[in-house]
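The first chain written gets the first letter, and so on, giving A, B, C and D; residue counts start at 1 in each chain.
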Amino acid sequence: MPLDISARFTFRLDTPTDVLLQFEAAQLPEQAVLRADTRLSETLHLARVPSTDQIGERLLLRAEGEFEVSYAAQVEVQRQLADIAALPALDPHELPAETVGYLFDSRYCQADRLQSFVATRFGGLQGGARINLMREWIACEIEYAPGSSTSDTTALDTFVERRGVCRDFAHVLIAFARASAIPARYVSCYAPGVDPPDFHALAEVFLANPETPGGGAWHMVDATGMADPAHTAKIGVGHDAADVSFMTVFGNADYGEHEVKVTARD
Amino acid sequence: MPLDISARFTFRLDTPTDVLLQFEAAQLPEQAVLRADTRLSETLHLARVPSTDQIGERLLLRAEGEFEVSYAAQVEVQRQLADIAALPALDPHELPAETVGYLFDSRYCQADRLQSFVATRFGGLQGGARINLMREWIACEIEYAPGSSTSDTTALDTFVERRGVCRDFAHVLIAFARASAIPARYVSCYAPGVDPPDFHALAEVFLANPETPGGGAWHMVDATGMADPAHTAKIGVGHDAADVSFMTVFGNADYGEHEVKVTARD
Amino acid sequence: MPLDISARFTFRLDTPTDVLLQFEAAQLPEQAVLRADTRLSETLHLARVPSTDQIGERLLLRAEGEFEVSYAAQVEVQRQLADIAALPALDPHELPAETVGYLFDSRYCQADRLQSFVATRFGGLQGGARINLMREWIACEIEYAPGSSTSDTTALDTFVERRGVCRDFAHVLIAFARASAIPARYVSCYAPGVDPPDFHALAEVFLANPETPGGGAWHMVDATGMADPAHTAKIGVGHDAADVSFMTVFGNADYGEHEVKVTARD
Amino acid sequence: MPLDISARFTFRLDTPTDVLLQFEAAQLPEQAVLRADTRLSETLHLARVPSTDQIGERLLLRAEGEFEVSYAAQVEVQRQLADIAALPALDPHELPAETVGYLFDSRYCQADRLQSFVATRFGGLQGGARINLMREWIACEIEYAPGSSTSDTTALDTFVERRGVCRDFAHVLIAFARASAIPARYVSCYAPGVDPPDFHALAEVFLANPETPGGGAWHMVDATGMADPAHTAKIGVGHDAADVSFMTVFGNADYGEHEVKVTARD
């Protein structure tokens, strides 16, 4: 049951300007990119580099004038889905080296300041069961309200204002998880069912694999309830939205059209 | 001319508690750890894992009761010192993959919000010359005032309040550099001349190596003026202080003694 | 059943410095200051001016050197106590002119950002019954923790961190009330039972007087539960703690001793 | 040389909703309202109450459905203009009671955190000369950029981001003045030359009147440089924009048209 993905966005650069893009579904063991067609307007320079944690690629480019990005892909997702409620967390001293950095505060996820709240509200449960409770709390207490947040909005802002979009829901969940000493990272992705259709974002938490002593794995959790990990194609990961914007412009750009479509074939 | 380093700190954990430590001088091409002696109280668990960017190691441990860390080392620093004033920056599209993440905002370094200021104040210069000007601005405008900031203080707070300690000086410089599209990271380190003597922190910026097309290197910059890169031993690096605390406790600890001594042999 | 109040605090001013003080129980219809003895070190200048809303007085002074404030008073409080649960709020269009300003955001009480939360959590009740529910929510969700906040801590910080002292409890309640369009102000006061003994702070909300059409009155509410309005002597009022500090120094001061004692005679 | 003022704005209220309006030029000794014509759609309730510091009036109303406010007035401004450069500040201990509250921090003007900056940058001058220097600094360092700020933007945000509109310029100047122990308040007003034409805002500072011992007066200062105090009609004053919005809705409103026109007759 592959996903059909298309994305198209345009912008204009008045002068030669550097742009970072990361919008392609990543090639990963659990998601096979069957076909992909990326078309870009002419660039003055173009390089591809691996992105954070070697998941997906960044396009580093320099261009001028009208610019169009158009992308079409078919992705077969075969993600191992676990009932995370049954999964314990690893204690910090048991964590693999590459996950330790995801315990720390980042730009939009100031976990330290939420520790009292998290200990009180979610303290009765541990590991994946606690994460599930956090997800439910967020789904219940925070309103999904397009237009209610900006690129400056942090997890604390959303916790106070109780409104946001997928990015904000992910930030709150990441902050809650880290405040429980559970590594958590931000995932940009494509998922059907996102409304209005757009790039999507959710959280990933690192939990123990009970069958492998000392082992663990990342598990997607979507507090908005819109994405099903079984049908979600990862684009990239990072500490939070600061790391995996689909587009970062080093200068000025006039944004034009923007269209994302994702369908799961039956 | 090696550095003699000693550090000792104690704390008490009322219950079995996880602790992350990163306090040892890293073994690196440009700094040879000639001798090192790390002594820890008994632990319930102890693992060593490589830290961010493979620089230095984190000690992941679990312990209970009185705990003492004592460290003594001799480090030969042979850091290539460049006159960064002469070094251009690389454009974002030219950056090596592993430096791209250091362009983005982090917990304490919200570079995006400082872009107007940085463009106006430092816009006349580029690359290393611009970094030097930033360093001078910080040294001139921000007062070194022990006790004036907390673990919550960000680069924006320091920019507003014009007071801070080494950590805050580094955060402002990192934020300024990133606002200029120059990758910048946080370095925890040992340096003689730090007053009062303690762990030290400074910034590292990634600039072009004019002799190697497409090449570049990290360069230490200390806006406090207290550390000389030629006599500074790196402990670890990260996006900002959130990533490289010398000690992170997942629970409660009573802090005890704390002593750091660094001398450069003549 | 009068209150016996004493307060004493000292500080040192290295140069001639302006200081505002407001620490005396106010003379008010509902609280008679039976005896009061205020002793100050010598001043270069001393004026008394009425304070906000004509409640209490500010001492404006200029002094130099060691300074001691000592105050002893006996106050008979005969405050009309209402069961606020039965009192409706006035709609904004019904409010007396002098209460309208207490609907607005102030330094420490950013009510606007809490509107969603307040509407959802407390929306089922109105007027005084809603205020009571807010008080219970705060008492239940926020931990009274001396030393956990600073002079920079706002109602939003406390809402996030779930810890604070009387001042923070009052700020959260004021913010909640204003987010419900109920005028709320900050009251500094003396109350027995405050632990540790110190100046105290609580909130006052303006509710309708059902017996007087268009009429209303201010009612004290203490979310810490430590003060009984029947035995609380007001010092002053304001938008929040920014307006009614017991001491504001325009320059540098070294703080010395600080002692407050309040007892209700049987 | 009277001012001709017209303002018209519309909004829709889906349910009966309370609204506060303050948009009429105030009748004051220094500005005579020669003619005024205020037309409002039908209200369910309408009251007029004096506003902060008895300057201007607030309209407290309740209405439903389409609502239109239309206002036309002719105002003769005869404001005493002083060269503030020559005016000293009053020391806090000399201030009239009613100005003391304007020394304190408010929602958008967190003066305390700017004290170091203000002491360093403006410390060489006092009183009105210092205010002039602050005004020049703001005009020089902050870009007037419509759309760059929101209703959440504080003086600290503007100080960091170096962009804003009249409201933000006023907030920064107020914060700077208070950080120098000079009372400062926010003034909403009508002024010709505002571009784009709209309600305007500026700061007022309280300085000594050298001819009247102990006396002082409020003086308008516009850091945007757009308004001339000689041709500016005050609407209202307050601690900052939180107190003198031209319109505050206690519920939801759909905003419609909005037009302001001010001309100075020759």
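Criterion: contacts are C-beta pairs under 8 Å (C-beta built on N, C-alpha and C of every residue); 3 or more make two chains touch, one makes a residue touch a chain.
Everything numeric here is computed off the predicted structure, so don't read it as measured data.
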Length of the shortest touching-chain route, chain A through to chain C: 1
Target chain D, source chain A, minimum contact steps: 2
For chain B paired with chain C, centre-to-centre distance based on mean C-alpha positions, whole Å: 44
Chain centre separation (chain C, chain D; CA means) in Å: 28
Residues of chain B engaged with two or more neighbouring chains: 113
Pairwise chain contacts under the document criterion: A-B, A-C, B-D, C-D
Interface residues, chain B side, partner chain A - complex: 18-20, 45-47, 49-52, 58, 60-62, 91-97, 100-101, 103-107, 110, 112-113, 151-152, 181, 238-239, 242-243, 248, 250
Of all residues in chain B, those that touch chain D in their complex: 113-114, 116-117, 120, 141, 143, 156-157, 159-163
